[in-house]
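Below, subunit A partners subunit B and then partners subunit C, in two separate complexes.
What follows is the complex of A and B.
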């Protein structure tokens, strides 16, 4: 308990907090003293009030749970799929020859462009949302897995051949330990993307969760609540990243890359 | 927002309020389940009234409502995940021009000289007082080539302004007042209740270009996959009857109707009180759609030949 408290105290960043408070104060004063008052640029106090109301009513909690559940589900699928595709691309010349170009063509395409296609296939459903999340967040995992695999020193693979290790033994004893740090970094990037894309997919594809909350608050002429949803999205992003870092640090204490912020 | 919990509670409440004898009024058969999409706007009030007041169930329909952000995205889901969707006549025209089997099954709202929902609104600082002065200006639109935009293009053309000389920017209705105030745009294509708020703020009313298409003119309607609609004429007849009954309820019980509107739109109380409801009507004829086919063609947005009578369920 004491170590947890000391860790929390060490993590407390007073200058960052002071900067945030100062910026919010400037925003508040700016809105209240402006000669032109914009309907959809509320003061932080209005946003806070709307957010508090939405938390108390449970509205934003339910929406957050939906978004997080979809983002995490999509991220798990993307991580598993990305690692498998990455390993296949790194170690199979045939997979690289047949699929390499197609994957390179798909990679730069914006995930949101696939929402109409996903709606056509799956309707305005959770399946649509998760499909779009997987499409967007699979790429960092693939790229990092390939990079990790290619960075394996050839001597390690030569040693495995000398020791007559089977394919599964080579995978478990050499490839996976070598690829894991890089793949996990990709997975961390993918989690942030998964949350962002979940919100976008909810705005245009699956009417639920935080994204749909933003749309309905805007349609209902409630800018404070609309910004409240955005604040909740940002807070969830920070929370998910912190959870992931803590989980990785506990599961893989020897991997330095995962402990970095 | 309609959550699963509130939907279930609503269904249970409806079941309690409407005993089986009424629900199964259609020859003792179980109600036909249909999936319907709409957006959040006062235009779709008859749908919500029919749902909340159990009118659909009385007509043997078990309607599941899905609220979406943009109705043009529902066209691909018709006949698959959706049976009926809210639409504008332009959506049907565009779908048909794209070779899709989509038909209008009933009307929903009409724009009339007596009840104008749409307006072109100019910034009071811009010096613009008529649509003819929009050449070289920037105009905010909710959807490029949507129903409101086509009406604006027609209005510009008939006022002697080349639409190519006007820059259009897409934005949501809710953001239009701020964009106008910030002078990022010179004018916007707005609808109620945003029109009333902008006029109250002193912005300039340039008129209703939608009445250039016809008067009265179909503003919103209901569409379905053609094959599904032709195979289910009885369902469509019940659908229209239920919406007509809902329309009568809105006219007879304006206070109750506005409560339902508040529930579904979550608009602030003062907006709900002051909102000018559109003119509702379920009639949709080939002539109504033909007016939009002609407007789309006149503005250069339609290259293919279309027979309006094939775009409406006979």
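What follows is the complex of A and C.
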């Protein structure tokens, strides 16, 4: 407990706080005094007020819940799928030979462009949103799993052969533990991506959640609320990432690099 | 770190023949890798119902694309999207290298600005689109702004870490050669930072495409995104699928072009 406190004290960064406060103050004063060209630019106080109001009325909480639920659901599917595809690509030359290029061709397809297709197939529904999230966030998991599998030291596999491990045993005792760290780095990237893509899909595909909230606030000409949604989305991303990092560190205490970075 | 041209002096005939062989082998394996995709499309073509409202076969996609091309909408849209992405990448690179270089060079600045920039970076760029549309208005400036906002961070972060990992010998060499500030930047910093900068640009390019498409979809400004959304609203599935392939090809070509540029630019450093 004490070490945590002292670490927090050491991490406290006064100049940065001062800079941020000064910038916010400048913004506030600029909006209040000068007649800017941007008539809809809200002052920071206005944004805070709108955000507070939206939190108290529960509106932004509900929207956040929807977005996070969709992002996490899509992320879980994408992680499982990506790990499976990645392992298959890494360990079966046949799969790699026949599917490698096809996957490479699909990978750069921007997730946004995929939204209209999903809308045509599934309508303006949650299915659309989750499909798009899975499509977008599966790639980092695949890439990192393949990289992790390729980096397995040959001696480990030799050991497995010497010990006459069966296929399943080799997978469970050698391959998965060795691949886990890099696969989880991919999963972390995927979670950030899932949240962003969820917001995108809500803007143009599934009218619900934070993304739709931003668009409706724009159409209702409520700049304060709109910025509030923006801040909430950013904060949510940080929060999700922190949760993920903490739970990974607790679940797999042996993996050092997850605790850092 | 030292520029060498020695490898370029190798016997050219043999090298080019080897290269051709290598390319042929690569092409063959790439084609093999494409087989499942081709098979899927062929099956779709053969078994698909051409009047299906959801899964039109590839020939219908091509027909829809040809119709859009001959009506003179597709090509300007592609050019429009390309223009905004390219311009935003240039601006983002300039800004990212400038700010990233300063932050990497000055620990004090990094400490002051770091958290603010970190917060800005966590804002998902797509969410910026409606915000900018309301405040700046629906115009080219706003589009440029949102794309730059998305593409800036990878370049900035890569430049910062590039500056921090510069070898001290390089800085000492600049000092002992008594280079002026300008010569120091053009002869020492930019060449040494080029790999990190270019990596950042390559990460930024797909982001720029995504945000550009999204901005076009949300505001219906001319471009590929607007075409896609209009096709979806008209329930024209064939056109949606066709445009999806166009967007895919667009991303693929841009990435390939950047990769080629990277290996060309890094060749003098022997790192391509």
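By definition in this document, the second predicted complex is superposed on the first by the 236 of 261 C-alpha atoms of A that agree within 3 Å, B and C clash if a C-alpha of one lies under 4 Å from a C-alpha of the other, contacts with A are read in each partner's own complex, and residues count from 1 in each chain.
The definition used in the following text is that contacts are C-beta pairs under 8 Å (C-beta built on N, C-alpha and C of every residue); 3 or more make two chains touch, one makes a residue touch a chain.
Keep in mind it's a predicted model, so treat the numbers as computed, not measured.
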Joint occupancy of subunit A by subunit B and subunit C, clash or fit: clash
Contacts of A:59 with subunit B and subunit C, given as first, second, both or neither: first
Touching partner for A:212 - first (subunit B), second (subunit C), both, neither: first
Which superposed partner A:29 touches (first subunit B, second subunit C, both, neither): neither
Partner chain(s) touched by A:110 [first = subunit B, second = subunit C, both, neither]: second
Which of subunit B and subunit C A:204 touches, first, second, both or neither: both
In the superposition, subunit B vs subunit C on subunit A residues touched: C
Which of subunit B and subunit C A:120 touches, first, second, both or neither: both
Contacts of A:84 with subunit B and subunit C, given as first, second, both or neither: neither
First, second, both or neither for A:40, with subunit B first and subunit C second: both
Residues on subunit A lying within both footprints (that of subunit B and that of subunit C): 38, 40-41, 115-116, 119-120, 203-204, 215, 218, 221
Subunit B contact footprint on subunit A (complex, rising order): 36, 38-41, 59, 62-63, 115-116, 119-120, 122-125, 203-205, 207, 212-213, 215-216, 218-222
Sites on subunit B touched by subunit A in the complex: 1, 3, 37, 40-41, 66-70, 73, 76-77, 80-82, 172, 174-175, 177-178, 181-182, 265-268, 271
Subunit C to subunit A touching residues, read off their complex: 29-37, 54, 108, 111-116, 119, 122-131, 133-136, 206, 209-210, 213-214, 217-218, 224-225, 228-229, 231-232, 235, 237, 240-241, 243-244, 247-248, 251-252, 255
Subunit C-facing residues of subunit A, complex: 13, 15-20, 23, 38, 40-41, 97-102, 104-106, 108-117, 119-121, 195-196, 199-200, 203-204, 210-211, 214-215, 217-218, 221, 223, 226-227, 229-231, 233-235, 237-238
